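Both complexes shown next keep chain A, but they swap its partner, so chain B is in the first and chain C is in the second.
For the complex of A and B:
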């Protein structure tokens, strides 16, 4: 079990952002991992990641087609992927993270 | 963060994502104002010392003149917001100031969207380079508030004005003249081309370039391309919605839900409603949309549809020239997109439990 913090953001910021969030949450649940997903849609940031959560996270997963500010994640392990990867293969992404982290 | 690959698409998309709301806001306000106040609402109030000197919002025309003004100001800033967004994506916060200033100049000098996009990359690169400057301690604090904004706006701005503003506006001008010279069957072709551009990337750069071209022509009193622009942007989401109706079993639950929101977005001329589909399955969605949009654009312009309003979707149809043909073209184009995509769409991603595509995923974990 790993602690994943994720951010999703798509171009229009109204659809993919939220679909990806759901997919990630379901995939992580199935694989027994903890996940919290912050969405950066057109409306702004929702479900914001808190500093103490970031401190405890094993990995920061950024699934975005647009720029996401990474200043908060100094010193953390960060993975950046296009959001389409989550649309196609949420579990594949998470298991690859497991493999890379060696957990 | 050095060594990260330079992702052009991501930067452009960031800019577009900031621009979408302002374009929608401006377009719909203008259409509303023209709908209630009449075509020439923009000149209902004489400009005095300032455009607002003779403002009287408590009369019918004065009120809608105000709404129209809000909308047209929003449209004036669209390219500036896009330019600032792209520059911000490349260079972070310091990109915003030169981006807004130069983007606005680009719009005003008629170099338009292309000029803004080009300059955003120049600004981004320039600001990033400025950030590598080694300065003495005492003036480090001055970098973000004074040195970067002043120098980057000065240098990049003058590069734009000296090198790009005039040629780009000439190109746009020649393009306009050429379109005006077309007639008859050629008109249908131009309608088709604008339609196809609109359907190509759903709110992306090609789509916006076609829109800007149509807007510029509209400003010169040529309203056919405007109709093609509106219809080309409306058919993709409606078409995809039709595809989900005729081939329900080929789509997942999530997609069916998304399509339901795409339909009203299509009616409102928000092409972006189709993005979730286009991003997931571009090879099939984009050609389907382009064919439908091109057909709709060709029919509409070929049959003499014209639209003064630049935005507003279905709400501005009654104010168009030849609205009936517009509706026929809209239905025909959407149906074609729907049928083509319905046939092309690969089934398989069935309800909820979608099959995972086996991607050859390689993740790059970086320590920030």
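For the complex of A and C:
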């Protein structure tokens, strides 16, 4: 079980951001991992990642097609990917993270 | 969530006659125009095609989610169309689409936050395989709204 904190953000902030969140949550659940996904879309930031959650996370996953501020994640392992990778293969992405962490 | 607030029968056609992407987008945009969601059909379509150029909107499982953020949009909404035949559509799984959700969102989203929130919740559900399968099987408005519950 790994603890993933993620951010999703697409160019329009209307659809992909939220679809990717759903896909990530379902994939992590199936794989037995913990995940919390913050969305940065048209309606602003939702499900915001909290400092104590960030402290405890194994990895920060940023799936975005726009710039996302990473100041909060200083000193943490951060993986940045285009949102299309989540749209195509959410489980594949999480498997890669497992490999990377060696867990 | 009150899905009925967003899913407007006037802009849904589950027996859409269209043979290609252009026909699908024009037809659904026309529904949006007639129902008063957009005021400038061509302006809106231009913004939809602009978004199409920026990246893939075929999300897999034969579902596509084109969207236009446009000054032509007066009211947040989603036009939905289903065709008998498969439509060539760039997608993440390489498959064509026959169920299309065309999102209409105003460029200036101030004052539409509540509707945008409903739209984003609804969009999120499209990331769920079970929901997608129910949507693909839906033959009428009731089955369509139930798929989102």
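Please note the rule applied: the second predicted complex is superposed on the first by the 103 of 103 C-alpha atoms of A that agree within 3 Å, B and C clash if a C-alpha of one lies under 4 Å from a C-alpha of the other, contacts with A are read in each partner's own complex, and residues count from 1 in each chain.
By our rule, a contact is a pair of C-beta atoms (placed from the backbone, for glycine too) under 8 Å apart; a residue touches a chain by one contact, two chains touch by 3 or more.
Fair warning: this is a prediction, and the values are worked out from it, not measured in the lab.
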item: Joint occupancy of chain A by chain B and chain C, clash or fit; value: clash
item: Partner chain in contact with A:45 - chain B first, chain C second, else both or neither; value: neither
item: Which superposed partner A:19 touches (first chain B, second chain C, both, neither); value: both
item: First, second, both or neither for A:70, with chain B first and chain C second; value: first
item: Touching partner for A:59 - first (chain B), second (chain C), both, neither; value: first
item: Which of chain B and chain C A:1 touches, first, second, both or neither; value: neither
item: Which partner reaches more residues of chain A (counting touched residues only), chain B or chain C; value: B
item: Which of chain B and chain C A:11 touches, first, second, both or neither; value: both
item: Touching partner for A:81 - first (chain B), second (chain C), both, neither; value: first
item: Stretch in clash, chain B with chain C, out of 41-49, 257-265 or 293-301; value: 257-265
item: Common interface residues of chain A - those touching chain B in one complex and chain C in the other; value: 11-12, 14-16, 19, 22, 42, 65, 84, 87-88
item: Touch list for chain A against partner chain B, complex; value: 10-16, 19, 22, 42, 59, 64-67, 69-70, 73-81, 83-85, 87-93, 96-97, 100-101
item: For the chain A and chain C complex, residues of the former touching the latter; value: 11-12, 14-23, 26, 39, 41-43, 65, 84, 87-88
item: Partner chain A, residues of chain B touching it in the complex; value: 1, 9-11, 13-14, 16-17, 20-21, 88-89, 92, 203, 254, 258, 261, 272, 275-276, 279-280, 356-359, 361-368
item: Parts of chain C lying in touch with chain A, wherever the complex brings them together; value: 51, 54-56, 59-60, 65, 67, 69, 92-93, 103, 105, 109, 113, 116-117, 119-121, 123-129
